[in-house]
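In the two complexes that follow, chain A is the common piece, with chain B as its partner first and chain C second.
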Partner chain A sequence: MMVYGLFLVSGLAVGSLYALGGIGLVILRNSTGVLNFAYGAIAAFSAMFAWQIADWGLPGVLSWISAVAVGILLSVAYGRLIAPSLAWREPAVKAIATLGYMLILLGLIGFIWEDALRKINLPSDKVAISLLGVRVTLTRIIAFAVSIMAVIAMVQYLRRSHTGLNMRALADNRDHAALLGIPIVKTETLAWGISGALAGFTGLIFGSLVRLEPTVITFMVIPATAAAICGRLRSLPLTLAGGLFIGVVESMLTLYKPAAPLRTMAPFVIAALVILWMQRGQKLTFAKEA
Partner chain B sequence: MPKTVLPPLVVLAICLFVLPLVLSALWVKVVTSAAIFALAAAGISVLFAQLGLINLAQIALVGVGGWIALRLNYATPLPVTLIIAIAGIATAAIGAVLALPALRMRGLYLALVTLMAAGAFQILFNAFQFPNGGEGFWGVARQSAADIRPPLMVQTDVGYLRYSIVIVALCFGLVALHRVTAPGRAWAMIRQSEANAMAAGVNVTFYKIWAFALSGLLAGVAGALLSGALGQLDPRSFLASEGILLFALAVVGGAYSWAGAVIAGILYKLLPALLNDFGVSADIALIVFGGALLHAIMTAPRGIAGQLIGALQRKPS
Partner chain C sequence: MKLTRTLFTGVAALCLASFATGAMADGHAPVCGLATGEAATGDPIKVGGINGNAPPGDFSGGTDAAAAYFACVNANGGINGRPIEYMVENDQWNPELAGQVATKLVKDEGVVALVGNGSVVSMAVNANLYKDEDVMVMASGCAISECYESSNIVSTNQGPLPSGIGALTYAIEELGATNAACIGFNIPNNGGWACDWMNEFMESKGLSGTSILMDPTAVDLNSVYLQALAEGVDTILLMLPAAPAIGLLKVAEEQGGREIFKWVSPTPLYEPGVAEILGEYWNDNLFVHIELNEFDSEGPDNQNWVKVMDTYGQDGDRRDTFSQSGYISAKFFVDAMLALDPATIDRASVTTAIKGITNATSDLLCAPYYVGDADRHMPNHAGRVVAYTVGKFEIVRDCFDIESSYLDPIRAQEKALGITQ
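== the complex of A and B ==
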């Protein structure tokens, strides 16, 4: 029983990271129509920056805040400088453009920080409680709680606030929203900012929980996308559920020997099945864009 | 017609007769890989330029082709050229299977499916490794790897460079042939409007699968050639990130002409080696590639090749 509890807990922790990534992707995609493949690179840059701050001996709180701030900065920079000129292109082209930003960030990270073994120590790593007979660090609990809180907060925000309403209008139809006088650029910048903040936070926690390696964090965007796909790139609660489910499946497969080396395939297989299921009964693609 | 045939023939002649004379041993290997990856990029271009489909899993198919070629090379006494053909055809079949989801979707979701496929293959390659002369189906030996047979009449690296370039050129010819015959016309119609293509009597399903099979064939042949060039394959060459990079470079080079694929191959393999030679960090190459991709998408949809051709064709006023 203890073993299952152990893998369940670690699966939920990894799953909440996938979910956090997926939520950031979905929030952005909902209002701007951009699926941001550079999300992981932004997370990696933020995590490395936080490490740098801590390495300079500055207080831990500052390094936490800096991760989120850098995330917002990098995300908004793309949103303001590059995304507007692609606003009227099809979704696939917008997504491919973010791959360019991802490569740039990846190159910058490699240029600034040499490859080395690094570690982020968060103060919450030392605090732990016992759950199902397993020692659970506070960092894991924070990752889990924040992912759930982010979903609740975002759903409420979109539903109740004025800017949230603007975002929903933009998600429905950008042209009509513009015609109604909704400040498109302002609303989109806000979405880029929220998504960037989540990216920075995810990077920081990922760096502490899993590994502080820029390429690993950068390509965390692939399982995060898998989580987002589970939410049809639209629904936040389903993205959360998808991310947690993927994380738990991936972790539990460790227990089944023949599948153990292939367990990291779980996100891809699950996402591919979800996509195929979503497209069921559809024969022609015609001009309709996903 | 001769006007469009001449430039590729000139490039082919230079590659066959001039390059082997001027390159040192190290650069012969680099240019061989560049030529091979130009072929893989051509497969990406077929789907992107002809049908507007985004395939981020091309590198995975290259890996599949390489795996099949290595497996056959160790297990059978077949001639190497035949093995390359078999690897190409088998990979084309796998590419056609990848096309099944593509029949129902396009745009972003197709890109995502291929990205998921690339991620899955990356893990498969890592788990099972590439055959290196060991026992059993997976053929992985723990100790030192066995040598593979080279193609007939090819003894040196320079010989292999020529051999690869001839095969790459033949495959480029195959793609060019597709563009001017029935499949090319069908693809053009499908790209404009699937509904209209169907109304005009084009078998949309068949020609879409055909495009994926052709793209897979190019990837498979590239993989088989690569296994012969390197003797051994490393799972780390077939990461999903490499697939993204190769796609980016195919777009940067220019998806609409053969020259674009050649430029993509050069950027992918030759440029990093050159930068390394000059003592510049490979990270700079990534930054340049990223910027070039953004530039290509925003202002130069035909890529570097399109800009070059445009500059050459512009009449002096």
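== the complex of A and C ==
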């Protein structure tokens, strides 16, 4: 039983990272209609920048803040410079465009930082508690707590604030929101900024907890997208639950040796099952095309 | 990103020659080829090289070092007056591109051989091409079975199998390991292949071994660590590239893994920069089997490698084990070429010359290097062990050979060639 506890705690720790990624995707998707596949690359760039600041010998606090700031900058840059020209295109086109941005960022990372061994050390790595036999560092606890707090804060923000209301209006119908006089660019910029801040933070934590490899961080967007799909690309609490669930399933599969090498399939399988579940009882119809 | 580097240029060679002549006078100049101090100006000899330099890793150290050595040779008389035109291609870890660049070099450019290759993908894709075209590859960075089980590829580096067994040998004999987990990537003919042989080795000693394979992009290293814990092993063999190995060591540090397991690794963890980021937690608790000599060893070949890279290398060239390996591959290649009549050098004569290499020695290697005419090649299977201590690695066991039934056909070749390792 103790073994299951070990893997549960371990899975929750990784799942919270997936959830953080998924939450950032859903926030953006809700207000701009863009599924941002460059989310992981923004996180990777932010983490590398934070490492660079620390490597220059600047204070750690500056390094951590810079990760979030760079995340915001890169995200808003896309949101202001590229996304508006695609605003009226189909969701698939918007999503594919972010893949291009992802490749640009990956190329830039490779250009700026040659392949070498790097490590992000956070003071919270040294503080830990024992939970079900697993030493859980403060960094992991922070990742878990932030993922929950981000959901609570965003749900409240969307419900209670004026700009949150604007975001919901945009999510419902961009055309109608524009006709109502909602400042679309301003509202979308805010959403890109929030999503970018989460990406920067996730990159920093990911670089510390997992490893500071730009490609690995970039492709973290895949399980994050699976978590977002669990939340039907709309619900933040369900995205959180989805991310945690994926993390736990991945972790538990390690216990069954034949499945262990395949556990990275877990996000896709879970996302596919969720999609099937959401489609239950519906009939395939082309009525809308008629 | 396509990197194509053609090294031969008469002008560059002349410039370098004048520089080298001056440097040679104070004893700091590298010694290469004929060491004439005069640039080769004859008809160039085309030699190829393929590396993999893109995410997830940079395997360009071998071709970087070979390029530097060939530049040095060209500035010092070349191959009896003929310079080497070294053409390097990057396959970017892309199988389709790997096939294209190999075809370009072998068929279109007609290279006489390939030297310094460091690419997992290219070896798997092109092994048959090399055999069909009868062109030899003197590789420097191999990590999959095809690289060691092909008639026309011979690598100076050991790869995961001998180096992993070397690390386990140390763990058994010096640390008392009885049950080891081999943690590797789930890459075809890489992690599974090597870890299976690790387990076979443990069983041959009456001990236990188990494989824990993970996806290269796996995020959850904590679960990998916990799986080893659940397996009840006492030793962990990190059959991984340096970056994920360090990620796993960090997880182990969080979980107090130093006290639970003995930690050993094959060569990849012996890389510049690793010692700086490991931290004092791992002092005297991490042992790495190294395939070549220490980066700062005083041996003449190692010192010459440093000088070659200092004088003829490019900014940003890697100086890792693959680089040492690329240097020594290029040196053995040049030594073989110098025995040929420069007027009659072609692919057939070069292939024969390479296959004729035997008992070539270097302080970078623990035993003689050879090629021979065989269906597989693994000339380097003896190495050293270093321990991480106080921010650096120090040798704790000098040259020793490994035991494995995998080497039975290799031993038979060595016996036929009169080589004793």
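Just so we're on the same page, the second predicted complex is superposed on the first by the 277 of 290 C-alpha atoms of A that agree within 3 Å, B and C clash if a C-alpha of one lies under 4 Å from a C-alpha of the other, contacts with A are read in each partner's own complex, and residues count from 1 in each chain.
Here, contacts are C-beta pairs under 8 Å (C-beta built on N, C-alpha and C of every residue); 3 or more make two chains touch, one makes a residue touch a chain.
Nothing here was measured: the structure is a model prediction, and the numbers come from that model.
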| item | value |
| --- | --- |
| Partners on chain A (chain B, chain C) - clash or fit | clash |
| Dominant toucher of chain A (residue count), chain B or chain C | B |
| Touched partner set for A:T264, first chain B, second chain C, both or neither | both |
| First, second, both or neither for A:R211, with chain B first and chain C second | second |
| Partner chain(s) touched by A:G110 [first = chain B, second = chain C, both, neither] | both |
| Chain B versus chain C as contact partner of A:V14, first or second or both or neither | second |
| Partner chain in contact with A:S251 - chain B first, chain C second, else both or neither | second |
| Which superposed partner A:D125 touches (first chain B, second chain C, both, neither) | second |
| Touching partner for A:Y157 - first (chain B), second (chain C), both, neither | neither |
| Stretch of chain B, among 272-280, 290-298 or 308-316, that runs into chain C once the two complexes are superposed | 272-280 |
| Intersection of the chain A residues that touch chain B with those that touch chain C | 106-107, 110, 215, 219, 223, 261, 264 |
| Contact set on chain A toward chain B in their complex | 35, 37, 82, 85-86, 90-93, 95-97, 99-111, 215, 218-219, 222-223, 225-226, 229, 261-262, 264-265, 267-269, 271-272, 275-276, 279, 282-287, 289-290 |
| In the complex, chain A residues that touch chain C | 3, 6-7, 10-11, 13-14, 17, 106-107, 110, 114-119, 125, 128, 134-135, 137, 206, 210-216, 219-220, 223, 247, 250-251, 254-255, 260-261, 263-264 |
| Footprint of chain A on chain B - complex, ascending | 54, 101, 103-113, 115-117, 119-120, 123-124, 127, 193-195, 198, 204, 240-241, 244-245, 247-248, 251, 281-294, 297-298 |
| Sites on chain C touched by chain A in the complex | 1, 53-58, 186, 212-215, 217-224, 226-227, 229-230, 242-244, 246-247, 250, 254-256, 271, 273-274, 277, 316 |
